[in-house]
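Consider the two complexes below, in which subunit A is the common component and subunit B and subunit C are the respective partners.
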Partner chain A sequence: MAAAGRAEGTGSRVGDFFETRLRIGPLLSALVHVRIPIEARPYYLGGITLFLFGVQVVTGTLLALYYQPTPDAAYDSVKYITSVVEFGWLIRSVHHWGANLMIICVVLHLLRVFAHGAYKFPREFIWIAGAGLLLATIGFGFTGYLLPWDQRAFWATTVGTEIAGSVPVIGDGLLGLLRGGADVTAATLSRFFGMHVLVLPLGLGALLLAHLVIVHQLGLANPKRPEPRPGTFGASATAAPEKLRPFWPDYVLDEVIAWAVMLAILVILASVFPAGLEDKADPLITPQHVKPEWYFLSVYQLLKLVPRIVGIMAPIVAIGALVFLPFLDRNPAVTPRKRPIAILVALAAIAVMVGLTVWGQYS
Partner chain B sequence: MNDRMPLLARARGLTRQARLGFLMAILCASGLAIAQGSAAKGAAQGAAPSPGLVAESSPGPSAPAADASPSVLPSSAPSPDESETAAPTNACAACHKAISAPQRAIAEQWEASIHGKNGVGCADCHGGDPTSDEIGVAMDPAKGFIGKPTRSQTVALCGTCHSDVNRMRQYQIPTDQLVKYQASVHGQRLINSKDVRVAICIDCHGSHDVKKASDPTAAVYPLNVPKLCASCHADAAKMKPYGIPTNQYALYAASVHGKALLATQDLRAPTCASCHGSHDAKPPKSTEVVQVCGKCHTATQALYEQSKHARLDVGPKCWTCHGNHDVAQPDESRFFHPEDVIFDCATCHNPADQTLILNADRFAKDADRRCDTCHHSASQIYAQAQGIHDALDQANQAFLGAQARIAEAAGAGMIVSDADVELSEARTNLIQARAAVHTTKLTVVAKLAAAAESKAAAARKFADARLNESTFRREAMVVVVAIIFVNVVLLYLMRRRIERGRGTEP
Partner chain C sequence: MAPGEDDPGFPGPDSVRPAIGEDTVSRRRFIKWVLGFSVTSIAAMVITPIVSFLVPAKQETTGAGARVLAGTTTDIPSGTGKVVAMGSSPVIVINTDSTPSGVKAYSAVCTHLGCIVGYDSTTRVIVCPCHDGHFNPANGAVISGPPPAPLKTIDVAVEKDQIFLVRG
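Up next is the complex of A and B:
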């Protein structure tokens, strides 16, 4: 570590040039030191989600250069991006698939963390921030879906906001807040655009920063043994010192390889299945089958099967339980074999959600 | 009654002479009131339309009269005029609901009906005194009670109100139903042949459960009309006495009209009533068919009237080429038989005077409704028909080719809105060209067909461009993925080298 007011040499002229002016060396050294237990198997899902978020920021910014958030111009501007702008189709399709893959990766990351018990002491706040990131990601999907202003977008948003309006006590207020009036109109489009490009990015950015800072400070969880609480003298306290894996360059290199693979998947999906566009939104023509995006299908199907109040409250309670899971699950064990109830409940919840989604798709 | 009691009580306090005078006065007043009531009733009956006014000879077999009273408007029939003044309440329903389940069902049907909701009570059709809860009074023939009206009476009963302009004005309902019914095949048989098996008002509208025609659950709602008519006309036993075929519903259901109405629920499609009429039901004559079809196919009628066919006295009409109940989707296959048709002079000409004849039997089968059913393959007109066919076929092939190419491009995820616009214009031109066949003019059809072909070619060009772009994207994708793959391999090798340098395995 360099003494105060004096930069340490980096061994290269360029490095020295910047280091003497920025004195960023100590910060970078600290950043590339993260505790990675040799047993940790993160499958790089968190890092891939971060990569996809970056892709969404870049492609979203490019789209925003052409997109016009008014009912008269939105549809034509999206059509213009897709058909006329050079590589506009690629940018839009990557943005479209990036959004879908991001939700998949966030959910898989959450399931991995749950399976490894990595939400337990001392990582409760990482989990809560992560749950917030999941909700923000779904919020991105919901608000972004309306922006092309085609029939599917318009009617899915009409149904989606209608469901939000059924929430007890705050339903009417929530509906007005989302739509900016009684119906899905220019005010709704304006609000959704604002939320999509300003409110949610800022919110997600703040949660992401909190998530990463705490991960950096605590390192990854060991899926084989729980973190010892201060003042306890369990087996872990007397066990041999934990074997670690270097974050830099090993872990970072693995992440970059995973990112490259994900980029290839994005390019393939965008090229083979480019983002489409239906007819322009028409409030007077209701399509025969109005369905939300796949990640809302389970809630949509549930609403068709049970009384409305149950269909509304069940997901809200489930989200509440998910966010506060670290404080609800008091079992200190982290291996799945020692947490049979938690694992069974999770498997049942996954089965129900997948079943409802498939049912909703084919109903 | 309540009004009388105080009067009688007061009378008790008077002298005998005065009482006698008072009684005389009441009797005189009652007699006057009864006389006025009878006069009013007679006037109302006199004003009601009489079916005898349009009585004409009716075709078909004569049927036995099942009703005791075949007159359409018997003198004993109750008039709604009576109940309007006498029936502020309807005690009939209250009693009949308690009699039995079927009676309760009838009362409840009436309550839910359009009549029940608009104050048309039981006594308006059945007569009697609806204010009394005593059976002897409420159902007293002296009070006009007739029980269940006969089928002949029913038509007159319904007609009494429904032909009354002043009564129907508030509901904005036409008042010509009775007159139309009297002119219909059904009405004519009822009046002239006393055949009470024919359809009357309640057979289509219901009796106690009458609903508005705009009510989708009503039997007369357009979507339900074909089945309603078929309930009699597809019944071989019911139609046997009249010698009428019973396959109309089956033909209609399979026709372009039937599919549109019954399968697609397109209310623009014609029901039986659209061509035959409803209250005035009667098959249109051959000479009327063009007007009947032209009611919807206005533009086609105008084109047909420019044709040589329209100028012929016995020339082909709509039904000659399209049929009637079994109208099929027209296309280019309707021009000619697959095989040559064998002609002799008598096929189209009267052997006696060589005038043109058009025998309906020759067009009974859909496969025989072709141009060469009449026009010999060696004739000049056949050559013209061939030219029209070829122009349309060429345009249609171009249209279908472009459509398939656009579908292919759309299936590859490409936005094809520009191609769709051109294809839509091609479709419009093709429809116009097909409709122009009714003019029988080759030049008119050929011009429109050429326009359709040109638009289809433009649409195909756009679709081809989109497909080429899609191919380029996929080829470029392969290159990009290959570059990414090389990078992944290099990164993996780099990682392995680092690990080996450190002397550890992952």
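Up next is the complex of A and C:
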């Protein structure tokens, strides 16, 4: 038995030295010596997102050593990082691109899980934790965006927090909590910095732990086999045994290769398209045609087209539906062909979001 | 004895065990209440200062009726507009014609989502650059776009060539 073997001896003197003092072998074995269905095709997206989060933690920690979170100093400190500090431009640009790629990978991961029906019984809580991770990632983007204190940052935050302030009933309180006052000021910058470097990392870390622990406990979903709810007779009860492959080292090796490719993409993007910086924030001048980051463009465009309350409530309702999707979609089938309504609704939602994003970009 | 609400819990001597009946509270239930009350009190004690800490303090505003010099009619000639600061509030001052009554001032904060409006002297309308809201410079009313309300009017006093804003 592998676990017992690890506990008794690792085969190397260094390994034995630590194992006799930590007794961690059985725990590590239980974590990595699992098997996953060959038919599960996760496309390494969850792992790549985890890797990008690691990149953000490292580059963000480095940036925090130079960054000064006050309106007088923030802009100049970002300029200093970019133009004076050795490799500062690279660290900042990797952080910038890492954030964008992380959002793309989280969304692709979500779409993959949706397409494979992997959010269904018994994996509802994996999905809910994952949706929380998506929101936390967007929260990172929103709070990090203000930190350079340039014009785009300032006005994107003004509009974004104003949207939060327009939510019925709780809007005023929410606006005050986010801004630390009535307007976007030094208090807002302090709060956003605190949320970006402390609150959100701790929150995301907790959600990530929950997400991974439940994935480990339940295993990866097989996109060709629904798991019948208790008391029902499903196809898998009579089907042939699942073909499995080891997570360690087979899957992990593939994942590490994907991480190396992603690191190369990050460095290329950061080098060819380094993060920019606009004029310093001026609370008296909103620049012409100011627009938010691409992942908020659909909401931006929607707010141009519909009454404010509709533009604010529609995304909130959509997020609510996304989080609680496993409990709204009661169809037990997992293959897309047997879920035409869910697939059509998702395709329509994607088309609307992409359409609004493109429209917002070119309007 | 099966565990339940009426289970007296710790099997103490019969002499100190309370009688169990409809009107009595079992030791276990009593301890649950005490513990529940303690946990709730401690939670309230911890949460109240945290929430109060997060709510921003109210800022003092200067008295109503005070006047702020916004500029002169030379700075803001006829057919132009300028955003100036009245304390921490941005105000747009527009000189619609050369008469004192033609000088108008509005809060420059767009009623849609808080961007700062500007005056387009070519089309002679107030424009919000964020979501394309358009306002009438004569009265601050919405002409087109998503803003839900007109711009807030600020009282103006013109003395010789000096333009003063009057706090409401």
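One rule holds for everything that comes next: the second predicted complex is superposed on the first by the 350 of 363 C-alpha atoms of A that agree within 3 Å, B and C clash if a C-alpha of one lies under 4 Å from a C-alpha of the other, contacts with A are read in each partner's own complex, and residues count from 1 in each chain.
The criterion applied here is as follows: a residue touches a chain if its C-beta (ideal position, glycine included) is under 8 Å from a C-beta of that chain, and two chains touch if they have at least 3 such contacts.
Small disclaimer: the values here were computed from a predicted structure and weren't measured.
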First (subunit B), second (subunit C), both or neither touched by A:183: second
Partner chain in contact with A:28 - subunit B first, subunit C second, else both or neither: neither
Subunit A residues touched by each partner, larger count belonging to subunit B or subunit C: C
First (subunit B), second (subunit C), both or neither touched by A:155: second
First (subunit B), second (subunit C), both or neither touched by A:257: first
Which superposed partner A:166 touches (first subunit B, second subunit C, both, neither): second
Touched partner set for A:354, first subunit B, second subunit C, both or neither: neither
Touching partner for A:79 - first (subunit B), second (subunit C), both, neither: first
Touched partner set for A:272, first subunit B, second subunit C, both or neither: first
Of subunit B, residues touching subunit A in the complex: 413-415, 417-418, 473-474, 476-477, 480-481, 484-485, 487-488, 491-492, 494-495, 498-499, 506
Partner subunit B, residues of subunit A touching it in the complex: 79, 82-83, 89-90, 249-250, 253-254, 256-257, 260-261, 263-264, 267-268, 271-277
List of subunit C residues in touch with subunit A within their complex: 54-56, 59, 83-85, 88, 90, 108, 112-118, 128-132, 145-146, 148
Subunit A residues within the subunit C interface of the complex: 155, 158-159, 161-163, 166, 173, 176-177, 179-183, 187, 283-290, 300, 303-308, 311
